[in-house]
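Chain naming follows the written order as A, B and C, and within any one chain the residues start at number 1.
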Amino acid sequence: MSALPILTLLTLLPLAGAVVAVLSGKRARGVALITSLLSLGLALYVWTLVPANGSIGMVERLDWVHSLGVEYHLGVDGLGALMLVLSALVTLMAADAAVRVHHAPNLFFALVLVLEAGLFGSFTALNFFHWFLFWEISLIPAFFLIKLWGGPKRGPAATQFFVYTMAGSAFLLISFLAVYLATGSMDFTHLSLLASTGELQQMIAAKLGPISMWLALGVLAGFAVKVPLAPFHTWLPDAYAEAPTPVTMLLTGAMSKMGVYGLLRIALPIFGAEIARMRTPLLVLAVVTVVMGAWASVVQKDLKRVFAYSSVNHLGYCLVAIFALAVPVSGAAQQASQAAALNGVILQMFNHGLTAAALFWFISILQLRTGGLRGVNDFGGLRKPAPVLAGLMGVALFSSLGLPGLNGFVGEFLIFRGVFPLSWQAATVSVLGLLVTAAVILTVIQKVFSGPVPAQYANFPDLDASERLALAPVIALMLILGLVPQLIVDSVNPTVVYLLTHWRF
Amino acid sequence: MLAWTIYLSFAGAALEALLPEARARLARWLALSCAVVGLAIAGVDFFTHMGAARTVLVDLPWVPAMGIRFQLAADGISRVLVLLTGLASVSGVLFSWNIEKRTGQFFAFYLALIGGVYGVFLSYDLFLLFVFYEIAIVPKYFLIAIWGSTRREYGAMKLALYSFVGSAMVLIGLLASYAASGSHSTTLIDLAHANLPVSAQMALFPLVFVGFGILAGMWPFHTWAPTGHVAAPTAASMLLAGVVMKLGAYGCLRVAMGLYPHGLDPWGFSVLGIGSWRDVFALLAVIGIVYGALVALVQTDFKFVIGYSSVSHMGFVLLGLMTLSQIGLDGAVLQMFSHGIIAGLLFAIVGRIVYERTHTRQLAELETMHLARRLPFAAWAFVLAGMASMGLPGFSGFVAELQVVVGSWTLNPVWTIATAIGIVIGVAYTWRALQRAFFADKQPTAEDHPKEGWQSMGAITWPEYTGVGLLMGASLVVGLYPRILLDSIEPAVKALLAGGIQ
Amino acid sequence: MNLADLFQVTLPETALEIAALVVLIVDLGLLRKAALSTRVAVAALLGVLGTVVALCLLPCAGSMGYSYGGELLLSAGGFTAVAEAGILLLSLLTLLLFIGTSFTRHAAEYVAVILMAAAGGLIVASAQDLLIIFVGLELLSLGLYVLTAFNKHSERSSESALKYYLFGGMSAAFLLFGFSYLYGIAGSTNLHQIMRAAFFASASDGVPLLYAALVLVVVGLGFKVAAVPFHLWVPDAYEGAPAPAAAFIASASKVASFALLVSVGTATLHALDGLGTSFFIGVHAETLPKYLGLQMPWIQILSVLAAASMVVGNLAALAQTSVRRLLAYSAIAHAGYMLLGIAYMDMSGHTAQAALYYVLTYGLTTIGAFGVVQVVETATGSDKLDAFLGLHKRNPLLAAVLLILFLSLAGIPPLVGFWAKFNLFAAVLAVGAGPVPFALVALAIAMSAVSLFYYLQVLKRAYVLPAADESPIKAHPVTMLVLVAIAAAVVVSGCLPTILQNWIVQGHV
């Protein structure tokens, strides 16, 4: 405990930045950029300090409310550290994209930074109280960001977002309260240890009766809303569409990953056995999510909604993999598939976060240049007047499609590699999603960039120097991670192995 | 040292009463200094005695022939509540900075009320406790009747009479215990050791509990609370909801449960699952939680929403008391503190910051006023206060409500679920009020603003900033580090439970 | 018949009578030409002097009392001394209130009547013989009837005096009739002899006659203390009498009447005292059943009276618009509380002390209340609730006094009214006579809660509601001094009740 409490500092940094931002008036964007840059640096540093064997490191532990089993317990492994880096990166991108905030910019950027703090907090928390605190904390700024700076239908969209997520959180809270009542503990590591030996189920049955399945459902409900899992996704398209585009970047790039992370950190370790028993219906729902997300994006006329549904689709793959790997272990080959699937999930989380954020960034650029237009049919032939834009956005689009050589491919490949042996039915149907997504993306490219140039876009301004400077590293990262995925996989794989050995289905 | 909070408040009240009408500024600063000194004493004492056992402050014979003593003592619970009173009194003075009419008399009644409240929390002689309890009634009446708003005379009289009826019930209990224990002494300790026969305790417990419960806003005797709180001027509402309702809860704990522990025993028979006074009052508490929340959900007046939410939150306190477990009682006392701060904050924002500027509390009218843009401080302060009221983690209410819920689970799981539903409804009504008052998007029409022009609403003054900061800070500190209070509460509750409340 | 002894015991009464004569002589002889205010002031001050002298002479009365033929006629010292001192003090205060008024030109006569009525009160308080009781009562009552009628400019004054007189005369007749029965049973007019005879009579089936006698006596005495259903004169008398006279009726005469009730009650309780121990070989007096003789009916009748007075008094006061009538009904209610104490007297005498404490402090507070009413009436010409509007602006000191006095009447701590109630109820419960006194105490407390409403109505007018007329109200400096002194006494003895309590307890026999 004498070491520097890096994780606490990391979480406090954006909060301090938020206070400064509120007081900075017009210069809040600069404050936000600097703070998110600093947190990115710190997050990368944390990433390098992750233990090599995949266990949890940089642990900070203090007693908080002893009578309720609440501790201040923080720690990260490979998964957590990667999420920290992703959050910092996406926040930086979002702050960069928010070039024109028409009123109260200081409040806007302060809320963005508070959201970042919420993300950091929930990715480092190892005790339910602390984790739940930050889970809820991240909701409030998101709500206000949508409500105060959003589009014409922002009121209902924000309320729906809030109500859905709160309802899910309520179920989460109740389930965890029940777990606390049965075991006296709210600590994730301790609870997963109890679950891995089967003791947790016994304790619940002894104290509360045979309700562990219901508790698992409650926990799943919370995450199902967040990821989202069909049919709890209906809040998402409206929220993504009505939110100001930089906020959508945050929503899709980082906040949706909170749900997947929760499944990996909380649901699977603690309620693995129950999830294994429910595997088939859950797989069905996940596959429905994949396919429905893809099909729904076909018929959208608004670019933001296209990619909103596309996000649902991409995260659906994560869900398919997560539920598919929830089988009791029975052999080395199966273990390898599980490892592949889990690696794929984590990679997909990072890559989708990066790609989706970049895509929405491009959409915001398009909006800025056309006075707010973002319909699929509003553009055309932009390749001619804005080749750099077309090129960079094209890379991002192809990454979303899953083109080999770009980062989007690696995650999806590993997922399918792992899921096929575990559940070929799910994998087969999910392929449909891949095909449809490909069709959608190509259509978008065709409609936006190719074809005849309409008169009003003859002088469509290309990316200027600052935008190129900002976007180039992002696109470069996509390329690099696509060609050399070991950069991430090498640090994630030990965590994957470690987790799988400790999970009991 | 702690006893000086009482003396100072009454001395301040007397001085304020003698001030001439025109010296409003002097009256304000005098009141503020008294309140701040009181808070300082409370704070210093609290932090130097964290976790200490009961300390006797003053013990003098008062009427020796009857065994009545002027005995003041403080244990962990008293210290926490005295600290709450200090915080509430300072912020109340700050939020009354703009009162121009009969300022000296206002603060005279205010300080007298504060003095009475300090007295109740520190008294260890039942007669003395009762005297302070009654002393607090009259200033309440005048504060509301003279400086209040909606239906103030009716609200003031209703409040005064309900309180008086409640204290009459307590007086009957006091006289009965005194007589039954041989008329030797009225100190709490002696009366607790008197070991009254179980049948007497079974009869006296509900009487005294209901007597105090009326002031604590126990359903169905709560109807004075929303009317009274809405009618009262802001500082009075803050005190009433924040501190005075806690007098009732404190009385329930210290007197009713302390002197008649066997009143909570099972009756030997049960009707519809209710087999003891404990079940009865726990059920009433749960009903209060849900009922208060449901009624708050449909109010059209902003202040009524807060008024009914107070009834709902006090239900948590009473439920926690009835759990008779360490964690439940800890939660009850913590909720007393937490709700005291939060209710004060909510009333301050609604009453002082919003109403004084917009001159309306109707949500339908506030919807058209774009308050998020014109009064951003109020909007964001209410967001934070609303989050605290909802029981979001990070604020004091979360830990308190969680402890009460955990404690009540062992008592009756079904009621716990009802309580949880109450919490959810709590989120809903706070949300609704927040949305409609501050963040609604309705475009105003020309007829919507007969009361004021579309100009700036008046800058937020320094007392308002300070008051909000003080209360918000307190809620956050306790929310993030509840040990600061729990370290004092837990030993005191443990001593109470060991002493006989079983 | 030892006249020297009689003279010694009745020194205070004598002083009062002499003072009355002096007042008359001085006014008639020396002040014919003086202005009314001077005459009033001189008369009042002489009266005050007389009461002070009587107070100083009280200890000289000794503590043995005066007996004739082996029977105690007048008691002295102890309890009686406390009651007498109280009567004298309260009379003093009402005399001081007289200064500055102008409702009558017959200043000296007024003061003389007060002094003589006070003398009657002293006799009543010390009487132990039926005939002496009657004489004292008549002396007191006649004076009170005259005082009520003193305002010759007011129709209401004469009307209420007539009502008071008729009612009083009739109840005096009842009283005398009851006394005659008691004499018939006992063969003696001494209280103690009567009670002892009643004990034996009830043991040998003479009960119906006893009950009848008791009821008749209670009618007579109930009228004096303003108990329901003998209270009908009270609102009119309080409304019609000039304010200082009403103050006297409400205070000093009450003290005298309750002191009489205590004497009768004590006699009932100690009916078996003084009998030779040979009569009760091996048996202690305390173990005999408590309800022989007149004790049981005493408790029953007085409890009913007390309960009825509490309820009727408080409920009727709710509807009043005139502050005087409000005070009248509240007087009935307070009489109910005091009767509760008298009903449950026991050997230790605590309830008797508590009742005496109550009536003394109630008397003090009532004098103050009527003083305030007097000031407001003189300034505004009316005693309606609306006359008090805006009092806090018109005379802040007067409003503060009003606040203190009315809150004390309502029973709010830390004022003396609360302590008196608490003391009384605690003493009644300590007697331990079962659930009935408990229920009655609960009723009393509940009725006190009701009373807060109507007291607050007056305070509301004074402090809360806007005033129609904001001109300042002037009060005579002596009146203000008296009122402030009374308010201070109310506060001080509320905070430190032992001061008065010890004095009363020491006086107890």
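Following the convention adopted for this analysis, contacts are C-beta pairs under 8 Å (C-beta built on N, C-alpha and C of every residue); 3 or more make two chains touch, one makes a residue touch a chain.
These numbers were taken from a predicted model, which means no experiment stands behind them.
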Pairwise touch network: line, ring, star, complete, or other: line
Chain at maximum distance from subunit A, centres defined as averaged CA atoms: C
Centre distance in Å when subunit A and subunit C are each reduced to the mean of their C-alpha atoms: 86
Length of the line joining the C-alpha centres of subunit B and subunit C, rounded to whole Å: 43
Residue numbers of subunit C (touch at least two other chains): none
Residue numbers on subunit B that touch subunit C, as the complex places them: 17, 62-66, 105, 127, 130-131, 134-135, 137-138, 141-142, 145-146, 153, 156-157, 160-161, 164-165, 168, 171-172, 175-176, 178-179, 183
Residues of subunit A that touch subunit B when the two form their complex: 64-65, 67-68, 70, 104, 107, 129, 132-133, 136-137, 140, 144, 147-148, 155, 159, 162, 166, 170, 174, 177, 180-181
Subunit B partner contacts - residues on subunit C that touch it in the complex: 392, 400, 407, 412-414, 418, 422-423, 425-426, 429-430, 432, 438, 441-442, 445-446, 448-449, 452-453, 456, 460, 463-464, 497-498, 501-502, 505
Sites on subunit B touched by subunit A in the complex: 326-327, 330, 372, 376, 383, 387, 392-394, 399, 402-403, 405-406, 409, 420, 424, 427, 431, 435, 439, 441, 481-483, 486, 490
